[in-house]
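Both complexes shown next keep chain A, but they swap its partner, so chain B is in the first and chain C is in the second.
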Partner chain A sequence: MNRINFIFTVIFIVTSAVRIDVYAQEDQCFICHDVLGDKPSELFKNDIHLKMKISCSACHGGNSKSDDMDIAMSSKEGFIGVPKGNDISERCIACHSNEEKMKAYGSNLPANQHELIKNSVHWKTSITGREHILQCTTCHNAHGILKVNNPASPVHSLNIPQTCAKCHSDAVYMRLYNPSLPVDQLQKYRTSGHGILNSKRDSKAADCADCHGSHEIRTAGDIKSKVYPTNIPKTCAACHSNAEYMGGYKIPIDQYDKFKSSVHGIALFEKNDLSAPVCNSCHGNHGATPPGVESISKVCGTCHVLNAELFSGSPHKKAFDEKNYPECETCHKNHDIVTATNALLGVSDEAVCSQCHSESENVKGFKSAAEMRSLIDSLDQAVILAKELINEAEQKGMEISEAKFRLRDAQQAKLEARTMVHSFSLDKFKEIVEGKGLLVTSSVIDEAKASIDDYYFRRYGLLISILIISLLALALYLYVKKIERKNTG
Partner chain B sequence: MKNFWNNLYGWFDERLELKELVNFMEKKYVPVHRHSIWYYFGGVSLFLFIIQVATGILLLFYYKGTEDLAFESIQFIMSKVEFGWLIRSIHTWSANLFILAIFIHMFSVLFEKAYRKPREVTWITGVLMFFLALGFGFSGYLLPWNELAFFATKVGSDIVGAVPLIGEPLKIFMRGGEDVTGATLSRLFGFHVALFPAIFSSLLIIHLLLVQRQGMSQPMEFEGKKKHELKKMPFFPNFFLRDLILWLLVLNVLAILAVFFPSELGQKADPFAPAPEGIKPEWYFLFMFQTLKYFPAHIWFIEGEVVGVLLFGAAGILWLLVPFWDKRSSRGERNKLINYIGLFAVMFIIVLTILGWLS
Partner chain C sequence: MNYSKNNFEKQGRRNFLKYLLTGGVVGFTGAVLYPLIAYLKPPKQADVEVSTVSGGLLSELEKDSGKIVRFGNKPVILVRTINDELRAFEATCTHLDCTVQYKKEMGVIWCACHNGKYDLAGRNIAGPPPRPLQPFRVVLKGDEILISKQS
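The block that comes next holds the complex of A and B.
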């Protein structure tokens, strides 16, 4: 097999050399400049365009057939010298946006790069005010442009991080355009799973363009950007949910599906909550890597601060560390985190506590879990009852808005109690549920009941009042009649 | 016990010469005829006004007339103050019944031509009190500082602003600025509890004194009849006690309304919130509000709304001056035109109110 490869390689090199030689005889620009041994012609030898028999004149103008320098490089022949500013890209666009021309050269490259790059942040006006921030040559080079799949090309997957870093790691340069943008992306990337694979020359590993796009690179705040919060899960899933692509990596490919139905996914996709965490919130973006077992609570804790703090101070921290349990994930899972309900707490089969605690093993925790569940259930029932009574009182037309407002404190206590679960301290939990939640609900319930009683009291009161007033009116009527009879008599 | 009352009466009589008053009362008679029922609505209006004053004073003990506290203070009255709900509901309902009673009283006077000479001033004070009652309604409506009241006041004061020349300054005066704000609340509160009651009470005293001095007006057909042909009843105690019976019945109605349909409070006013749909004024302004809706955007070169407001203004002035342009009634001649005008006004108010209610 190696022998066959060797033979083919030799044939390719020989035929290419012959082709260059034959073509070069026709391309007088290249012949002269090659003789001069200048750098552009040296680089151009390997350029894909030279291989496609595209002369220097395609970009520089002039007559490439003439060996007379005065004629070849005369303005009459359209010679423009070295293109400047946007003219550089215009020379590229002239062919690369022309589908027919590209087909004529046997290229299957898309002809929409120009259309795409128009939307790119790089296509904005540079600080000079005369040109785009980037030209095509900034990433692809000017002479010596290679195919994208050529490992030597600056836009080959293995080289893209370095190519982008030319500008993006240059603090002085980046400050001119976006001073708040970090310049350590490459450094972080090298520590990421993707970056490590890239360093190992795995071209399948994600590079900058895989996440940000190549020509159509938008700012992260642009809703159409591939790295806009709502688009990130799909951007990551493009590789991570592709069974074929991820074949050799031995990692699951169901993260996206799980995330979609998770509490975070629902917040993001259904409620359009941009503060909901997406892949990079937990894994990092440029330094993307799964959080380690010991750091999960810190990662979740960036948002769930109190829960993380309480957990770190709880007896479970030590126990989990000893058993190498992934902190939050042990009870809540990772990608498919669902809304935490009371069912997670307690000693029933579906409760997570019962995974480690039973009547015979870790008994103290078992008892605490059972009592915590009972307390939070009582609070739930009390809140439901209070709501029902308030509703009834309101329907009866009673003014009970203050008690209704106060019931929010019970809801707040419920939330606090759920947070306090992470301390795994029965006393602290009890203090909130009983000291705050049940105290409020009981006063609200009393007030609502009193309001309903008052409703009936008003009706009975009305009945009695009407009777008294009517009797009085009747008595007066009879008295008037008596007087009138007396007067008539 | 009897001696005690006699002594007490004697004590006052010695100082105030009550005997003259008693003699006057004893000699005062009320005509009895098929339209006598309408005499009672003046008394009902008075009774409802007394209730307004009494409940209003009680509400003042807890009400706070500022933008930050008005809504909350009413909420407090409705939920925490003993019988606060009852006082507020009775205040609200008696306000509505008060205006209804005035409407009935005023139209009965019109149809009976009771405004004719020598009772022109009684009519004028009555109509002015009617206008003031509407003012009470408008100013009181904003006081709970809820969403509906806020926007209704905005719409209402905008209509005032449509009056040519004086409209805009009047609107700014009424609002205490360009827009409806806490300043408007303070201002309308002041009108509601101080300015209007002071003027109303003065007019009421004049109105009642005139009624007492001139006696009840008799229907025109009674004029020319001999004394013994006229049926009458003593004002005191007969008519007074009958009045009292009606007052008790009205009190019953008020109690039923207050218990079964207590005043609602709604949402606190938020000046930055969009106006809720279907903003309508109180029922007694509805016929005017609805009429203005039917006016085209422009009539000739004047805005339709301005024309409408001017027409209502002119109608109000004509209404006030009825005794002066209806000379025929004063001469004792029948004037059917007044009946037609009155009938048209009643029908107009009823139909437009219903249309406004349904729209």
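The block that comes next holds the complex of A and C.
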């Protein structure tokens, strides 16, 4: 059986070679240009199109059957020479957008590249105003076009970064199109986890096209772009959540699921808050790499500035550095960061402080954490009570808007206190909770209570005056009766 | 004896009626007068829909400073810029509803809760705020600053 297979394979290879040779002899364009030894024909020898029996005339026009140059390259025979501008891509589109034609050549390539590229920034934008910013040949080459999976192809994963960089790292060229666009993407990419793997010839590592798309490349501000903020997590997850694909890399694949349910994921996906951080906000984009222990607080601190500043000035900074703990992540986790509640603070089992502080170890912190928790809980309770009393007073029709307005300060004190936790200073924390929050809540509670008392005073007052008036009416009635009796008697 | 007993009962009823009548008149006078007197010191009234509030006098607001003005149930921040322009915005941070303030040394509107920053056009420029501050209209009537909702 193996022997038969071998014989068939040999026959197939020999006949294929003979067929290409015979075809090449028939293609008079190629024969002449090959003899001339020009660069296009040299490159064309390896071109996938030559292997598919597609002649030079398919793009350049003319009669490839004639060995008479005057006839073969006459305008009468449709010779157009070197296509210029958008004509270059039109030549490619003529076949590559025609599904039947592509099938006839035995190709299983999709026939929608033109449809896709029509939406791309490269197609829609022009520097000269006469032609697209790039043509198919800009990325795929003109002669010597190879299959995408051929490692020598400029659009093979290993070569894509260099191919894109031809334009994108050229500051002079890019200035013509968008002067504010950075030109250091390749430089950054080479420092990234993806770029390092790419340099080691790992074609599974993400290249430009994996994140930006290949034909349908849209600007980052385009809502349909793969790198638009709301789309980035899914773009990264396409590889990073794929267990099979990530098999050999020994990194978790649950980041997307965790992020989706995190406070940042909810802000992005449910509230459509574009300022919410996505993968590249913490990991970088072109230079994507996990932030190290030292840089985590800097990464979080780009948005949570005050928390990061307070932490840096706190006694925990030194302790965390010594133990090599990642600063924010130790208490808040990384991908599955949930909304911080009071439960994180204190010495209960679910509180993060108790991970290091206990009654026997790091006692000072243990006591501070317990007191901080008790203070913030008191403020919470006071705010709840104040709100209830204000609601009650409002329901009773009392004017309490002034106190309600002041209650905002207590709410603010709560938020400030939560930030101040990161100073890990009990005094500073107390100053906000007691000096600001509880002070306001106590005056609001007093005012609301007085307002409710006032309501009851008015109500009982009305009742008493009705009684008095009724009594007076009764006395008057009796008195009138008495006078009548006296007069009649 | 019967006469004096009846006389005593009659006298008692008459006095009771007198007391009742006098008490009733006094109580009635009190019930009428108290609201009248209380009216002179009126209770707090609920704000009607506020469309314009006074931001105080221009002469009392220094250049490069700001202050919080109550606009109905909302705080509004009034800023007199270093270039002597008056700007007003809703003073509620778009992040978590804290009240923002003018930070002279930074020249920005700043939120103390999470270090959110807005420029003097109300645009969120740093920190967690997701949206700009809602602007209010400011006009001068003589020396008085008037703040109103933008139509």
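We take it that the second predicted complex is superposed on the first by the 438 of 489 C-alpha atoms of A that agree within 3 Å, B and C clash if a C-alpha of one lies under 4 Å from a C-alpha of the other, contacts with A are read in each partner's own complex, and residues count from 1 in each chain.
Keep in mind that, in the parts below, a contact is a pair of C-beta atoms (placed from the backbone, for glycine too) under 8 Å apart; a residue touches a chain by one contact, two chains touch by 3 or more.
Just so it is clear, the model here is predicted, and its values are computed rather than measured.
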item	value
Touched partner set for A:Glu484, first chain B, second chain C, both or neither	first
Which of chain B and chain C A:Glu402 touches, first, second, both or neither	both
Contacts of A:Gln411 with chain B and chain C, given as first, second, both or neither	second
Contacts of A:Arg459 with chain B and chain C, given as first, second, both or neither	first
Partner chain(s) touched by A:Thr339 [first = chain B, second = chain C, both, neither]	neither
Superposition-derived comparison: chain B or chain C, residues of chain A touched	C
Touching partner for A:Leu472 - first (chain B), second (chain C), both, neither	both
Chain B and chain C footprints on chain A, overlapping residues	398-402, 461, 465, 469, 472-473, 476, 479
Contact set on chain C toward chain A in their complex	14, 17, 20-21, 23-25, 27-28, 30-31, 34, 43-47, 70, 73, 75, 96-99, 112-115, 124, 126-130
List of chain A residues in touch with chain C within their complex	267, 273-276, 303-307, 309, 398-402, 404-405, 408-409, 411-412, 415-416, 419, 454, 461, 464-465, 468-469, 471-476, 478-479, 482
Residue numbers on chain B that touch chain A, as the complex places them	75, 78-79, 85-86, 233-234, 237-238, 241-242, 244-245, 248-249, 251-252, 255-256, 259, 261-262, 264-265
Chain A residues touching chain B - in the complex, by the definition given at the top	397-402, 451, 458-459, 461-462, 465-466, 469-470, 472-473, 476-477, 479-480, 483-484, 487
